[in-house]
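Structure first, then comments.
We just call them A, B, C, D, E, F, G and H in the order they show up, numbering each chain from 1.
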Amino acid sequence: MSFEDLGFSKIDIDREARTGAPEIIYGMGKTPEQAAAIFARIAANHGRALVTRADERLAEAILKEYPDAVYNPVSRLIRYGTPPRRYPGMVAVLSGGTSDIPVAEEAAETAEWLGCQVDRIYDVGVAGIDRLLAQRERIRKANVVIAAAGMEGALPSVVGGMVRRPVIAVPTSVGYGAHLQGLTPMLAMMTSCAAGVTVVNIDNGFGAGYYAASIQQLVWEARHGEDIVS
Amino acid sequence: MSFEDLGFSKIDIDREARTGAPEIIYGMGKTPEQAAAIFARIAANHGRALVTRADERLAEAILKEYPDAVYNPVSRLIRYGTPPRRYPGMVAVLSGGTSDIPVAEEAAETAEWLGCQVDRIYDVGVAGIDRLLAQRERIRKANVVIAAAGMEGALPSVVGGMVRRPVIAVPTSVGYGAHLQGLTPMLAMMTSCAAGVTVVNIDNGFGAGYYAASIQQLVWEARHGEDIVS
Amino acid sequence: MSFEDLGFSKIDIDREARTGAPEIIYGMGKTPEQAAAIFARIAANHGRALVTRADERLAEAILKEYPDAVYNPVSRLIRYGTPPRRYPGMVAVLSGGTSDIPVAEEAAETAEWLGCQVDRIYDVGVAGIDRLLAQRERIRKANVVIAAAGMEGALPSVVGGMVRRPVIAVPTSVGYGAHLQGLTPMLAMMTSCAAGVTVVNIDNGFGAGYYAASIQQLVWEARHGEDIVS
Amino acid sequence: MSFEDLGFSKIDIDREARTGAPEIIYGMGKTPEQAAAIFARIAANHGRALVTRADERLAEAILKEYPDAVYNPVSRLIRYGTPPRRYPGMVAVLSGGTSDIPVAEEAAETAEWLGCQVDRIYDVGVAGIDRLLAQRERIRKANVVIAAAGMEGALPSVVGGMVRRPVIAVPTSVGYGAHLQGLTPMLAMMTSCAAGVTVVNIDNGFGAGYYAASIQQLVWEARHGEDIVS
Amino acid sequence: MSFEDLGFSKIDIDREARTGAPEIIYGMGKTPEQAAAIFARIAANHGRALVTRADERLAEAILKEYPDAVYNPVSRLIRYGTPPRRYPGMVAVLSGGTSDIPVAEEAAETAEWLGCQVDRIYDVGVAGIDRLLAQRERIRKANVVIAAAGMEGALPSVVGGMVRRPVIAVPTSVGYGAHLQGLTPMLAMMTSCAAGVTVVNIDNGFGAGYYAASIQQLVWEARHGEDIVS
Amino acid sequence: MSFEDLGFSKIDIDREARTGAPEIIYGMGKTPEQAAAIFARIAANHGRALVTRADERLAEAILKEYPDAVYNPVSRLIRYGTPPRRYPGMVAVLSGGTSDIPVAEEAAETAEWLGCQVDRIYDVGVAGIDRLLAQRERIRKANVVIAAAGMEGALPSVVGGMVRRPVIAVPTSVGYGAHLQGLTPMLAMMTSCAAGVTVVNIDNGFGAGYYAASIQQLVWEARHGEDIVS
Amino acid sequence: MSFEDLGFSKIDIDREARTGAPEIIYGMGKTPEQAAAIFARIAANHGRALVTRADERLAEAILKEYPDAVYNPVSRLIRYGTPPRRYPGMVAVLSGGTSDIPVAEEAAETAEWLGCQVDRIYDVGVAGIDRLLAQRERIRKANVVIAAAGMEGALPSVVGGMVRRPVIAVPTSVGYGAHLQGLTPMLAMMTSCAAGVTVVNIDNGFGAGYYAASIQQLVWEARHGEDIVS
Amino acid sequence: MSFEDLGFSKIDIDREARTGAPEIIYGMGKTPEQAAAIFARIAANHGRALVTRADERLAEAILKEYPDAVYNPVSRLIRYGTPPRRYPGMVAVLSGGTSDIPVAEEAAETAEWLGCQVDRIYDVGVAGIDRLLAQRERIRKANVVIAAAGMEGALPSVVGGMVRRPVIAVPTSVGYGAHLQGLTPMLAMMTSCAAGVTVVNIDNGFGAGYYAASIQQLVWEARHGEDIVS
C-alpha cells in the first residue's frame, strides 16, 4: 500500500519516492488533533515534516510532542528535520514591499526546508525602480527567482525582463479596493508582458518555494545523475 | 438658453465658456446623419470640432461637408479647426507596446487639438526596462505624462515613481485571457504602488488627452491671468 | 546610494528630489516597530513625515517618540512637520455624503501636508442637486477638484461638467449590496459621461490629495521657474 | 383552459383578464414561423399584439399577414392594434444621450401601445446639468418618469431627487471598457443615493414602459373604479 | 436657501415640498452624534423623522432626546411622528422565507410611516408553491406588491405573472455560496421572465417601501387633486 | 489496452463496459476530419455513436460515410444506432420558454439515444404559473425531471417543490443584460430554495439527458439484476 | 389546507406526501425561538425532523424540549426520529481532503436520516491519485456517489469517468485566494469533462444527501411498486 | 545602446545576451508592415526569429521575404532559424483533449525553437483516467511537464501528484458556459491541490514553452558551466 489510512486522512507515504518530498501538511481547516496525528506519522516515516498555514493552536499541539520543531508566526510554518541534501546555486526571494514579507518568508523557509539556499531581497517594488536596479546583478546570479508582490503586482514583469532564469510570481493579498484581495495582482501577473514568468495562487509562498526547490532538485540531479539526460 | 435643441441631441453651446473646450462628439452609437448634424452646429458655433470613435461612415458623412477636417483611422478621431492658443511645456505620451499605439495616438491628437505640445515615446513597456530608463530624462521634462499600456498595465507604476508630475494611466484592451479585455490593467493601475497616478477608462485615450490639456490650460492661465491664484 | 536599507525596508531618500515629496509611509500591514523605524529615518532625512492608514497602535508607537506629530483617527493620518511652501489657489474637496467624510478628510489633510490650501465642501451628493448647485461658484474657483462619493458615485460626473479644472474622483466603500464595497462607484466614475475626470482607488483619499498637490506644485513652478515652459 | 397550446408555445390567453395586458411576444430566439404563429393567435384573441426585440426577418414574416402592424427598426418593436383606453397624465421618458434613444423609444412606444401618453425628453445627461435643469418643470409634471442612461448611469439619481413621482431607471449597453456592457450603470442605479428609484434590466425599455403603464392603469382605475380603494 | 448646513451635513429641508417626504436619515456610517443632530433638525422642521440601518448606539442617542420615537431592532428603523394622511388601498409585502422577514419588515414599516396600509404575507417562497397560491386573491387585491426573497429570488417572477399591479422585487442577502451575498437573486430578479417587476438594491426594504408609498401617493392625488391628470 | 490511440485522440473503448455508454464525441473545436475519424472508430466498436455540438460541416463529413446517422440542426446532435434496451418510466423534459427548446431538445434526444422514454413539456415558465400547474400531474408521473430555463431560471425551484423525483436543472443562455449569458440562471438554480435539484452547465442539455439516463439505467438494473442491492 | 400558518412561517405539512420527505428546517437566519416552534410542529406532524446549519444556540433550544434529538457540531445537523424504511444499495460519500469532512458529513448524515446506507471514503483527492484508485472498486459498488471537494474541485471529474452511476458534486469553501470561497471549484465542477456529474451549491452537503436519497427512493419504489414503470 | 528604435517599436537587441533568447514578436495587434519590419531587424541581428499569434496576413508578409520561415496555422507560430544548441532531456507536452491541441502545439513548437526536445502526449484528460495512467512512466521521464487543458482544468492537479518535476499548467479557452472563456480552469489550476504546479495565462502555450526552455537552459548550463553553482 502506498498510503497509511487514519480514517479522516490517508497519508501519502509513497510521495517522497515519487516526487522528492514528503507530503506537506496544509494546516488550515484541520483540528489540532488531526494535524498532530498526521504530523506524527509523517515524522515517523520520513524523519522530517512541514506544516503550512499553522496557527498558534496547531503549533502548540505539535511542539508539545516535537520540541525540536520550529514555529514561525510570521510565515505560519512549522518546520521539523533537515533536508537530505543542500542544493548548489541560489534561490532569490524578492518582496515588493515590507507588507509582503510574510508571504516571501513562507516561500524562503519552504525552499530552505527542502534544501535550497535563499537570498532574501526585500522591499524592491517598482515604484522606486532604483532600489530594484541596484540589486540587478545579485538577482541575475540566482538559479530561480521568486517575486512576491501585492498592490498591482508589477514586480515580476520588470524582473522577468532582466534575468535569464525562471521567475515564479506570487501575488499577495496586501492592498485594498480595486486590489480585490489579491485577485488583481494575480490576474496582472498572469498577463505579464514578460516571458519567463509563471504564477501561483494568492499568498501561496509555500507553492513558490516548493516549485523553486523542484527546479533546484532537477539541476542537482542533472549534475550528479545520468538518468535524466539523453 | 445654454444649449441648442436638435430633438435627438441638445448641443451644449455654453460649454466652451464653462469648461474651456467645445462639446466633443462621441461618435459611437450615433448615425452618420446625427453626427454630421451635431458637427455642423458645433463647427458653426465654435469654428472647430472634434469627433471621437468615428468609423469610416461617420468620417465620410462629415468630410463631404467639411473637406478641411482630418480623419485618422488609427486614432479614429476627426479633427477640425485649430486651438485658440498653444500651451507651453510638453505632454509626454508613452505606450507600453506597439499595439497600444492607437490609444496613445487618440490621447496625443486630442491633446494637440486642444492646444498642447506632445512628445510621443512609444514601445517602452517594463519587460525591457532599459528602453524606458533610456527615456527617463525626456519623460521627466514633461509637465504631464500619459502612459497607455495593456497586458498587466505596469508602466504607470514605474513611471509614477520616476517623475514629479501628474501621470494619467490609460489601460488598453490589448491582451487576452486573464487580461479580461482591459479590466485587469485597469484594476492594476488603480491599485498602483506609486502615488501621483490617476486612471481613465479602458482605451480612453481621449479622456487622458483631455485631462492633460485641462492641466496645461491651468498652468497657462496661472502664468497669464491673476484670477486663479490668491 | 539613493536609498537607505533597513533590511525589511529600503527607504527611498532620493524621492523628494525626484518627485517633490518624501516617501510616504503606508501604515497597513506594517508592525508598529517597522512603521516607527521607517518614520524615524524619514523624519531624520526630511524633517517631516506622513503615515497613511495608521491605526491606534501605530500612532502610539510613533507619537511616543514624536510628540509633535498629529494623529487623526478619522482620516487615519499621522502628520509631522510643515510643507516647505504653501501653494496659491484652492483645492476643493467635495464629499457626496456625511459618511464619505473620512475619505474626504484623508484627501484634504494629505493635500494640506503637501502645501495646498483646501476648501472643504461636504454632503453635496446629487440626490439633492440644489445643495450642489448652491456651491457651484465656490467649486469653480478651485484649481483642482476632488470629489469623494460612495453609493453610485455620480458626483464627479455632475461636477466634471461644471468646471474647467481637473477633477479627481474618489470612490468610497460607503454603501451595501450592489455597491460591491466600492467597486460599483469606481467603475461608474471610470465610465463617466463627463470629460476631465480621472479616478483613484476606492477610499484612496491619500492618492487624490497627493495628485492634487502634484498639480498645484506644477502650477507653482510654472509661475516661479522657467524650466518647465518652452 | 387558460392557455392555448401550440406545442412549442403555450399562449397565455387569460393574461389580459389577469394582468390588464395580453401576452407580449419576446422576439429574440424565436424563428419567424414561431413568432408569426404566436402573433396570429394573440391578434385573433385580443385584436392587438406587441413583439419586442424583433429583427427584420420577424417583421417581414408578420407584416406580410398583418400589413397594418407597424415595425420600427430603432425600437425593434412590432405594434398592432390600439389600446382599449388612453390614460390621463403623462409618462416622461428621458434619455441620457443620443445613443440611448433606441432603448428610450422601446420604452416610449411600449407605454403608448398600452395606452399611455408619453413626453420624450432626450439627451439630458448629467454631464451638462443645465440641459436637465431646464426640463425640471416638465419632468415634474409627469405621473411616472423613465430614465434611460448608459455610461455611469447617473441620470436617475439626479432625477430621483427632483420629483415626487416613481422613477424607473433603465441602464443601457451604451459605453465601453469599465462600463461592462451595461452592468456598471445597472449596479450604479441599484445603489442610487436617491430614494424613489427602481431598476429594470439592461436595455429593457420594454419592461420600463410596461411598468409605467401598470402604474397609469392603477391611477386610472383609482379614479374610475371603487374596487381598489377602501 | 433650500437646505440647512451643519457642516458635516446639508439637510434638505425643501425635500418634503419637492418629493412628498422629508429627508430620510441613512444611519450607516454616521456617528451617533451626527445622526442625532440631523434627526433633531428634521424633527424640528417636519414634526417627524425616519432613520434606517440604525444600530443600538444610534437608537440610544436619539431615543434619549425623543422618547416617543420607536426603534425596532429587527427592521433597524427608528420611526418618529405620524404621516399627514393615510392612503387607501393596500400594499402587500411578501417574504420568500422566515429569514427574509427583517428586510420585509423594513419595507412594511417604511411604507406605514409614509402613510400606507400594509398587508404582510410571509413565508410564501416558490418551493412550496401552494402556500403562495393560497394567498393569490389576497395578493391580487393590493395596489402595489413588494416581494422580498433571498436564495434564487424566484418569488417576484411568479407573483409578477399573477397580478395586474406593479411589483417591487427586493433581493435579500439570505443564502450562501452561489448566492453571492444577494447578487444572484438581484441579477435573477433583473432578468425576470415576468413583466411588471422592477428591482431595488439587496436588502433595501426601505427603498421598496418608499417606492410603494410614492405610487400610493400618486393614486391618492389622482383621486383628490386635479393637477396630475389632463 | 483500454483505449485506441489515433494520435490526436485516444478513444476510450472500454467506456461502455465501465460506465454503460460509449464515449460521446464533443463536436466543438474538432475539425471535420478529426470528428469523422473518431466517429468511425466508435461506430465500429459499438455499433452506435453520438456527436454533440455538431455544426453543418461536421454533419456533412459524417453523414457522407454514415447515411443512416441523423442530424438535427436544432439540437446540434448527430445520432447513430439504437440503444441496447429501452428503460421503463418516463423522463420529463420541461422548457421555460420557446427559446429554450434547442437545449431541451439536446437533453431529450440524448436521453432517447441512451434508451429513455421522454415526455416533452415545453413553454411552462413560471411567469404564467397556471401553464405549469396544468401539467403538474403529468410531471409528477416521471421518474426524472429535466428543467431547462433561461432568464432568471426559476422553473426548477418551483418544479423541485412539486415532485418526489430528482430534478436536473439546465440553465440556458437565453436572455440578455443581467442574465450574463446564462451565468445568472446557473447561479440562481444553484442556490434554489428547493431541495432535490442539481445543476449542469449552461446550455448543457446533453449532460442533463445523460444524467437522467444514468438514473434510469440504475432503476432498470435495480429491477433486473441483483448486484446493486444488498 | 396543505400548510400550517405560524405567521412568521407557513409549515408545508403536505410535503411528505408530495415529495417523500417532511419539510427540512434551514437553521440559518432563524432565531432559536422560531426554529424551535417550527421543529415542534414538524415533529408533531411527522414524528421526525431535521435541522441544517444549526449553531449551538439553536441546538440548545431544541434539545431542551427534544432530548432524543442528536446534534453534531461538525455537520451542524440536528437529527430527530428514524426513517420509515432503509433503502438497499450504498451511497458513497467521498471527500477530497480532511478539511472537506464537515461538508461530507452533512451529506452522509442527511442521506442516513432519509433512509440511505452510506459508505464514507475520505481524503481521496486527486493530487495523490493512487489513494483514489485504491478505492475504485468500492466506489463502483455504490448506487450513487457524492464527491465533496474544495481547492480546484477536480475529484468529481475523475470519479465521473470511473463509474456507471450518477455523481453529485459538492464544491466546498475550503481553499484561499483564487479559490474565491468555493466559486472556483463550483464553476470547475460545472464544466467538468466527465458526463454523469451534476452540481449543488457550495458547502451544500445537505442538498447532495437529499438528492442521493431521492434517487435511492426511486430505486426502492421501482423494486417494490408498480406505479412508476410502464 | 541596447535597443534599435523603429519609432513604433524599440527592438531589444540586447535581450539574447540578457535572457538567453532574442525578443519574440507578439503578432496580435500589429500590422503586417510593422511585424515584417521588426522581423527583419531581429532576423538580421540574431539569424533567427519567432512570431506568435500570427494570422495568414502576417505570415504572407513575412514569408514573402523569408521563404525559409515556417508558418503553422494551428499553432499560429512563424518559426525561422535554428537554436544554437539542443538541450538534453525531454519536455513532455500533454493535452487534456483533442480540442486543446492548438495550444499544446504552440507550447511544443516554441520549446523546440528554443532548443528543447519535446514528447507530445495528447488527449489524456482526467475523465478517462486510464489513458493518463498508461502514460505515467513516459511523463515521469521528462525534465519538465506542460499540461494544457480546458473545461475544468483538472489535468495538472493529477499530473502534479505523479511526478517529481516542475509542471507548467496552461488553461485553454476550450469550453462553454461556466467555463468563462478559460477563466474557470485558470482559477482552478491556481488553486490546485497539488504542489509543484505553476500557471500561465489562458491559451498561452508560448509562455509555457518558453518557461520550459528556460528551465532546460538552466539544466544545460548547470552541466556545462561553473558559474551558477557554488
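The criterion applied here is as follows: a contact is a pair of C-beta atoms (placed from the backbone, for glycine too) under 8 Å apart; a residue touches a chain by one contact, two chains touch by 3 or more.
Everything numeric in this text was worked out from a predicted model, so none of it was measured.
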item	value
Chain pair among C-D, C-E or E-F whose interface repeats that of E-G, sharing over half of the contact pairs by residue number	C-E
Averaged-CA centre spacing for the pair chain H and chain D, given as whole angstrom	52
Chain D and chain E: spacing of chain centres that average the CA atoms, whole Å	24
Whole-Å gap separating chain D and chain F, where each centre is the average of the chain's CA atoms	37
Rounded Å distance between chain A and chain D, as computed from the means of their C-alpha atoms	57
Sites on chain D at which at least two other chains make contact	97, 128, 161-162, 176-180, 186, 190-191, 195, 201
Which chain pairs touch, all of them	A-B, A-C, A-G, A-H, B-C, B-D, B-H, C-D, C-E, D-E, D-F, E-F, E-G, F-G, F-H, G-H
In the complex with chain E, residue positions of chain G that touch it	1-3, 7-10, 12, 14-15, 23, 26, 28-30, 34, 38, 171, 173, 181-183, 186, 201-204
Residue ranges of chain D in contact with chain B within the complex	97-99, 101, 122-124, 128, 130-131, 134, 174, 176-180
Footprint of chain B on chain A - complex, ascending	96-97, 125-129, 133, 151-154, 157-158, 160-162, 175-180, 184-185, 187-195
Chain H - residues contacting chain A, complex	18-21, 24, 88-90, 117, 141, 143-144, 161-166, 168, 186, 190-191, 195-201, 206-207, 210-211, 214-215, 217-219, 222-223, 228-230
